[in-house]
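Next come two complexes, and both contain subunit A; in the first it sits with subunit B, in the second with subunit C.
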Partner chain A sequence: MNDKNKLIYEISNDIRTVAEADNFCSEIDVILENFYKVKNKNLEEVLLTSTGTSTSTLIKKILSDNKISLADNASCEKILVQTRDEIKKMKIVKITLAIDPSSEIISHISEWINQNLEANTLLDIDKDEEILGGAVISINGRYKDFSLRKSLAEVFTKKKNELIGSISPK
Partner chain B sequence: MVVSPLFFFIIIASISVLSIALFAMAISYYHVLKKMMVREQRYDELFKGMDEKAVDLLENARKKSADIIEEATQKAQQIITQSQSLNNSSRKMLDEALETLIKQQTSHFEKASQDFLQVYKKELNFLRENTVEIAKTTSKAIEADTLKEVDDYEQILQKETIGSQKIVEEKIEEDYAKTQKEVSAYKVEMLKKIDEEIYAILESVSKEAIGKSIPLAQHEQLIIDALEKAKKSI
Partner chain C sequence: MKDFSSYLNEIEEIGYVEQVADAIIYATGLPNVKPEEIVIFETGDFGQVFSIEPELVEILIFSKNSIKPGTRLTRTNEILKVPVGVELLGKVIDSLGNSIESTKPSKSPTFTMPVNSLPQGITKRKAITKTLETGVLIVDMAIPLGHGQRELIVGDRKTGKTSFLTRTILNQTRHGNICVYAAIGKKKLDVKKIEEFFQKQGVMEKMVIVASGSEDATGLIHLTPYTAMTISEFFRDQGKDVLLVLDDLSTHAKFYRELSLLGRRFPGRNSYPSDIFYTHAKLMERAGNFITDKGEASITCLPVAETAQGDLSGYIETNLMSMTDGHLYFDKDLFYLGRRPAINPFLSVTRVGRQTQSNLRREINREIISFLNLYEKMQSFIHFGAELNENIRTTLLTGARIIQFFSQYTNEVVPINLQIVLFAMLWENSWENKELIAIREDMQRVILAYSSDKKIQQLVDTLVEQNDSFNKLLRMIKTQGPQILLSAQKYGNKT
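Take a look at the complex of A and B:
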């Protein structure tokens, strides 16, 4: 695993969806901007004033994992830019669900996709109650409908005559 | 006594001839008189310039001429008188002849009218009787013909009615069969439609029921199942 993949792997548990990634990148942009604006200001102060707790914690974790001191502004800036760029390069798996997934379910799905389908991916989650259950997945330009709606429709199609026969008056 | 029309026309012709002659004489007399007057005038003119002898001669001549004229005048008057008399007698004869003729013709016409009336009455009676007979015969013939035509019409009407009734019955049966067929087809179609609708409703209800009844854990499992399927197919 090279440095870049290692970096992405480190954050993949915390940044699972496109929305989270966009939010995180925006906060990195704010941090970098504050770096340029204020001279002789360390990252600790910038994180306190510019980001939320979770983002601040994640950035500290990245710096710690990469053995970079908060006082080393240049290295900090470098790792932040690198992180932001790598996030923007991540693949996106579009997934449609019938429910609003909990954070736990999102983590579960993200982990499963990164382990079994494609590593270093972000989820673009959409909600459509019409699919009833299951998921409709679009990855690398391929679209697959594994929804309960489709399964049910297939059952109804296969068993149509049988069903009609059972409900028709004798 | 019957006067022949020929005789009547001869009389009229004679009278006409006499009248023409009389008229010619009158004209002649007028010319003579005119000449006399001219001569007298000339005489008067000459008288003035002539001597006594000549006057005497002339007087004598004048007297002679006057006598001649007088004589001619008398003769003319006599002729006129005679012709008038003849004319009167002719007219009288003509009137008498006409009267006789009118009487005869009247009598003849009366007789002829009586005869004609008799014949006319006879013919009229014959015609009336004949007409009555013909009318009776015709009436019977018409009655017979009418009765025959009524019978024929009745028979034709009966046949036509029976025919029409048969056609109507056939048409009704045909329409009934057609309608029955249409109703059956419609029934099948409607049942099929109802089946489809029931099927659609059933599918819709199933979806709704399933969608609402799946617990969150089940949803998660379904998602994982979907991902497992995706893993196999992608």
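Take a look at the complex of A and C:
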């Protein structure tokens, strides 16, 4: 596993959706800006004042995994820029559900997709009650409708044809 | 066509609009999309794949509706086809085959044909042997055309190009041939005028107008000549001789340039894309004389190109000249001199038209061309005035008469046999010592008599059919000419 893949692997458990990725990237931008706003400010201070706890924890984790000291501003900046760029390159899986998924469901779906479809992906979750249940997934231009609406429509069509076949004169 | 969801569920490929550049849309996704495939947007609009890049698909859209980034689209696994059939006759349609006159209920053909088809191969083609009668004296006699010929109509704006084309269409429809008129990026008012003219002349039932307005989507304008050619091909396959007018390809080239620049193609000469020659040549190559299942049939193509300030060396004009079988040049100087039609016979070319002529017509053609050359040279002596000798004066007088002979009223059509007889009468000096105006009036009477009097028509036709050389005809005209003039006297002036 090269450095970039390792970096993505580290964050993929914590950043699962496009919304989370956008949020994380914008917080990285704030941190990077703050490096220049105040002289001699170290990252510890910046994290404390300008980011949320979860982001702060994740960044510290990335830095420790890459053996970078919080006091080494240049290395910190480099790894943060690299992280942001890698996130932006991550593939997006669009998924439509009939419900608002809980965090647990999101984790479950993310894990399933990373294991079965494609690793290191972000979920773009959409809600559409009209699909009734199941999910509609699109990844890399491929589209699969696993919704309850489609299944029911197929059942209804089949039954309708059977019914028409049974009553039509032979 | 089915709707977006049906195609999405059937093909199971999705794309998302990333960037919109007027008529060109860039989208991601659609992993198995093919060049020229039709794609459908969730808004119901559809477009054609223009090119495929590693990350993006470039799509040419056929509507003016705004499509926003993020809009979903899917493949259809179909190429662009337009409905074709005899139902189209008498209709004005857009580039997608939809009737433009929404007020009239119309039945759309069920049979469709691909818009971008490959030209027929050499084994399906035949040499051009049939004369195409335009009804325009100078063309039929000096620069003749044949069925299946591709002849460029080139000239400045407002020099009578459209007038010539409408006259040719009129003559061809009266001969029972099918005409397809493609108005490319024209004003709606102009299209309406053309339609009304043909309706008034009662020939609309033999023709189809494919029109795109300047305010239409660029994609639609670009498509117009291809749709017109596809419709022509349908009628050709029915064994008909088709006359296709593409008015005009300079405008088409400009719209194609717009699309190519939007599509980030590298600009070449005059900013036109490097494949502009290929684009037009591929289209021109679809015309010609063909062997079909229903016998010999042709597509005669008359593309129009507009010059600026009489400059024949423009990029598009020279391109078109090199891919057609000749050109008719409408000279603005001749137009200002009052010559109608203002066709310059010295700068016009016909590469295959002469091979379709009978011996008699070929002889007349040779006489006309050599005499016009002589007349052109003699005109330099005009400023000597009274010092001109008898020979020069006679040549100048005959020249003036021939030029007058070639002048025609707008939309006046002269049948080919009558053209020959009238010219023979002029050449034989049947109107000796008569003023030009009087000659003109006599000719009008003969034209009217030919169309009204069966006897005169028969006499003229027999004269042409029985004589295979110009000299023989001239001998006959000596006796028959005055008789024709006398019979035509009772027909009033048609001015």
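FYI, the second predicted complex is superposed on the first by the 160 of 170 C-alpha atoms of A that agree within 3 Å, B and C clash if a C-alpha of one lies under 4 Å from a C-alpha of the other, contacts with A are read in each partner's own complex, and residues count from 1 in each chain.
The working rule: a contact is a pair of C-beta atoms (placed from the backbone, for glycine too) under 8 Å apart; a residue touches a chain by one contact, two chains touch by 3 or more.
Note that this is a predicted model, so its numbers are computed, not measured.
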item: Touched partner set for A:K144, first subunit B, second subunit C, both or neither; value: both
item: Partner chain in contact with A:H108 - subunit B first, subunit C second, else both or neither; value: first
item: Partner chain(s) touched by A:K37 [first = subunit B, second = subunit C, both, neither]; value: neither
item: First (subunit B), second (subunit C), both or neither touched by A:A98; value: first
item: First (subunit B), second (subunit C), both or neither touched by A:A135; value: first
item: Dominant toucher of subunit A (residue count), subunit B or subunit C; value: B
item: Which of subunit B and subunit C A:L163 touches, first, second, both or neither; value: first
item: Residues of subunit A that lie at the interface with subunit B and also at the interface with subunit C; value: 140, 142, 144
item: Subunit B to subunit A touching residues, read off their complex; value: 191, 195, 198-199, 202-203, 206-207, 210-211, 214, 216, 218-220, 222-227, 229-231, 233-234
item: In the complex, subunit A residues that touch subunit B; value: 97-99, 101-102, 105, 108-109, 112-113, 116-117, 129, 132-137, 139-140, 142, 144, 146-149, 152-153, 156, 160, 163-164, 167-168
item: Contact set on subunit C toward subunit A in their complex; value: 8-9, 12-15, 28-31, 74
item: Touching residues (chain side subunit A, partner subunit C) in the complex; value: 94, 138, 140-145, 150
